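Input: structures, listed below.
Both of the next two complexes hold chain A, though its partner changes from chain B to chain C.
Up next, the complex of A and B:
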């Protein structure tokens, strides 16, 4: 193999693929990137067996071929070259590359390419296209609510529901639900549901943002993988979560079924929550805030036997019965970060049922959170 | 001689009125046994492990103390000191019932009772009530209704109230006001102050600091090097007879435990089991008093070679049942003792505490 390619393009490709290489304890070959040179293109691929990323860059291919090189070191070397043409050559029979730039020369030991795992093939049936920007928004607004508890693998990611011209992302950890919904003209009639692992979501969001921007991504589903094909030639795939994702939205009241409804300023509420939480008692890691909703105000209190008490109140328009209810400060604050833009509607039923938060002018995102209760 | 900084501070500190009572039952278990069996009265009574099973003294009557017997001493040694002593096993359910009765008497006038165990407590009088009058009332009621004597100390800070109750045991009534504190503190050995542990005492003694006056006379830099800023500040307050900044602990304890260092290494599994049961009963008593439950039981052991082990068992649901906690602790201990290795320290405790006002997060689904 022998290719000559531009430093900035090579570095961009490596930076993209590098996200998929495996961590320290994995098989050494999974810490490498597969370089394949053919017909004026250099393919750069990496996988940790769960997710795979492939980037393509233009290159002068003097001799086609392929080679696996240690990902971290190759990325670091190329990143420290200020610009210009870089040549990568490798003899047929040796798993070793010579990287040259001006007077710099690196002989980098690699691995045989035939030992690199085959990347999954996008041969699934379901295919559609969707705005990468929309997808990024849907995923990044919800992923925080997904479960980090290893004992519940089925909810340790974001459930995507695509079809009927809509896209819906849902995440839950059993205590709250984050839902993002939007029009997706490219998503056809047939409704498809998949759940993407939490760990892959963060990488997918970064890849989509940097490789597609606001352009469309074409998506293909197979039985246990999802494939994203991006305009710049970047491909991303990940395994899907196994098991039946619970129908969490059926477990909470429909938007119209809450008895108490409060309207108030999002930023004021977020500020009051984060201040009062400073004096909330630590109940095994949970810091409860006591909310009291009545007519024209929302009162937020916290207390700790050791530290003292905190009180705050904000103006609110409350329709329906007054209510006293406890929530974990963290759950409120995390949800509020994703609700936009100014005023929000907080809908509640009683002191032990789910409550729903949604921006008054935001039809794309809502958040359902469950309260805390005295231990029986 | 010029006045030390601490003395000056003590002199100019704002006057503090008497505010807290410390009440300590006299030889509590032994006194209960003597009350219930008139033939034991006036005799040396030792409650605790049997001298034959190499047990340990839990409490002994004042008659027994005259022979040099004291708690945590091997019962066999107690018998050597006083062959005529009467040895009785501990009867916790009885002592607990009596302790409940005493707590009720202490809290009668709306005072806040801060129990330190079955046989001692701080009593904080309600606003406007004179602590000396209240202490006299409590002492009289306990004698009349329970038939036992206690020693009470009244002062303006808990460490001094504790010191006061120890002054005239048994059946004592001691008041330490600021003038009395000023008079007695200089010559007081540091170890007599509540809150100064044996390690601190030993550390300071190695540097010639044995009394409060010694402490005051030591340059601050030396104290800071020896004790660090936190301990130095605490001791400066304690030795000058002032309340600690946080007089009443309000933080939520994460564990409750008791441990006993044995004056002589013990080997006998039955004796160690008896001691464990006693300590566990104290732990259970505190759980009950504070309305807590615990899900993990821990047993700690230190062998004569200083090897220290802890073993614990966790329940599915938190409990404060003595039978369940003992039922977990005793087998844990049994696996740690083989009858031949000496044991110098034994501890029993509980963690993963559930408070009465604890909250739980409501779940959508799942366990």
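Up next, the complex of A and C:
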């Protein structure tokens, strides 16, 4: 193999693929990047067996071939070269590369490319296209609510529901649900559902943002994988969560079915919650905020046997019966971070059922949070 | 010492009020009665010698006040005692024997010889009794004190003799009694010679710990913890074993009331309760509890052998004992890595057993340094985590050296405490579920749920029936800030089934299970924030240095030991 390529393009490609390199204790070959040179293109691939990333850059291919080089070292070397053409050449019979730039020369030992795992093939049944920017927003607004509990693997990620010209991202840990929903003209026809593992979501969001921006991504679904093909030539794939994702949304009331509705300023409420939460301390580490909704007020109270008490109130327009209800502070605060724009509607039924938060003019995102069990 | 009292026959009315019963069951009971007489006579040294397990011969020699020759004959008559004068005295018994039955009962089933001289008499007396036949007292000269020799015990009661164990068994019983008496009277020197060999010797130093070292062994004694000083006083003091000395039987629990060994199930139960969360269920602590209760505050006349008593201030005593044991356990030091060749510690306060191997460092008798900071209840406040090794241990810097925290054991303690609190405080915080979690139960676990539903809901679960083979969980308890997985319900039910005992301890068993379930496993990588969080939360617990099974959660490697390993010393 022998290629000549531009330093900045090579570095960008390595930075992209590098995200998929496996961490410390994995098989050594998974810490490498696979370089494949053919027909004016250099493919740079990496995988940790769960997710895979492939970047392509233009290159003068003098001799096609492939090679696996240690990812971290290659990335560091290329990153420290200020610019210009870099030549990578490898003899046929040795798993070793010579990297030259001007008078610099690096002989880097690698691994045999045939030991590198084959990346999954994007030959699934379902295919659609979606705006990468929309997908990034949907994923990053919901992923926080996914379960981090190992005992509930089926909900440890974001469920994507695609079809009928819409795309919906849902995440839950069983105690709150974050839902982001938007039109996706490229996702017509049959409705498909997959769940992307929490760990892969973060990488997918970064890859989509840097490699696609607001352009469309084409997506292919197979039984066990989801594949993203981005306009810049970058490919991302990840395994899917196994098991039937529970139909949590069917369990919560529809927007019109709540008896009490409060309208108030999102930022005021978020501020009051984060302040009172400082003194919210119950036994066993619970941090309950007690909300009281009545006519023109939303009152937030917290107390701690050790620290003292906190009281706050904000203006609100409350329609329906007054209500007292307890929430874990964290669940309110995390939800509020993702709700926009400024006014929000807080809908509740009673002190035991689900409550729904949604921006007044926001049809894309809502958040359902379950209260704590009412206390004596 | 003890004021000399003349012996007289008890009034009839008093005799009738005294619980009747056989005192002399076996050689050990003879020894006990004779030694108690010697203690009542103010003896400082008591030598017990037995042959053939005491069946051939028992002799008890003391240096007490002795018996007046004029009283010698009376001493072996039924209900003759120098210790009670009238009915009012029965409620204020300061001495060991009082029924005046002992010598008479022993005399009736053996060949008995008494030789005694009082301090102020030049000449003492000797008396021989065989069965019920008394010879008159004859003059005798010898050292001050009393010698009682009992030969051919039960020679005239063959039925009783048949129920007696082998000489070896009987010798063991005698040794047990002498040990108890030596523990109860550390200021008196005891010597037991069995079959010509000395089997027990105590020096009479007056120090309980030393008496324990002498009647058991120094290593054992060195591990014992004094009952928490804040709970000890003239009435109660003693020693309790750390968790690693706990035993499957209660055979090393001694309650010594005014020098006499008693059995008191209420105290044993208190010991077990104070130990919960320090050792696995079913293990019993080692304890030596010394009680000095004013005679008018205790009724010792419940049972003829006087091993059962009734305390007027039972509640106060059990409370003090509970807090004393808890305090002792909490004041334990963090286990120190026992480096070979690292014995003979500079901070080893117990001088009477130099060279003993101390795997566990115990509460100090006055050495200062960082001792307060390395108590099991305080140590986590003083740890600064450095990282994790082997995905199993947290390495930390702390008072005087290096500390290793077992992350699994530490988490077990953390979750045990929070789960226990969950079951002990009413209306614990619980989180509603977005969708009820369906937990499938088989016939047995379903039955257990019906049985234990109250305990389950006290723990914070809200559970409803869901068809024939399942329940729906609507709320789950919050443990350490996060909702517990609904599947924990099933495991708790199964654990309750295994226990199948009374409610309180099973709640604790469930708490212990919840602890294991929720614990960070060994072999799990922890990030710096998780490590700091764990250490900080441990610091807030009552007894973070010990896991609920009694194993240490943290060990200490001292500067001196590190020096020694690098051969810098």
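A few notes on this one:
Quick note on the criterion: the second predicted complex is superposed on the first by the 370 of 376 C-alpha atoms of A that agree within 3 Å, B and C clash if a C-alpha of one lies under 4 Å from a C-alpha of the other, contacts with A are read in each partner's own complex, and residues count from 1 in each chain.
By our rule, a contact is a pair of C-beta atoms (placed from the backbone, for glycine too) under 8 Å apart; a residue touches a chain by one contact, two chains touch by 3 or more.
On a predicted model such as this, the values are computed, not experimentally measured, just so you know.
When both complexes are overlaid on chain A, chain B and chain C end up clashing with each other. In the superposition on chain A, A:75 makes contact with neither chain B nor chain C.
By the document's definition of touching, of the two partners only chain B reaches A:305; chain C does not. Looking at the shared chain after the overlay, A:237 reaches neither chain B nor chain C.
Of the two partner chains placed around the shared chain by superposition, chain C is the only one that A:287 touches, whereas chain B remains out of contact.
Contacts of A:152 after superposition: both chain B and chain C are touched. Within the superposed three-chain model, A:89 lies out of touch with both chain B and chain C [touch as defined at top].
Overlay on chain A, chain B versus chain C, candidates 148-156, 238-246 or 274-282: the clashing stretch is 274-282. Residues 152, 172, 174-175, 177, 246, 248, 251-252, 282-283, 286, 288, 328, 352, 354, 370-373, 375 of chain A touch chain B in one complex and chain C in the other.
Of all residues in chain B, those touching chain A in their complex are 250-252, 354, 357-366.
Of all residues in chain C, only 418, 421-422, 425-435, 437, 460, 462, 475, 477-483, 485-487, 537 touch chain A in the complex they form.
In the complex of the two chains, the chain A residues touching chain C come out as 149, 151-152, 172, 174-177, 246, 248, 251-252, 282-288, 328, 352-354, 368, 370-373, 375-376.
Against chain B, in their complex, chain A makes its touches with residues 152, 172, 174-175, 177, 246, 248, 251-252, 281-283, 286, 288, 305-306, 326, 328, 352, 354, 370-375.
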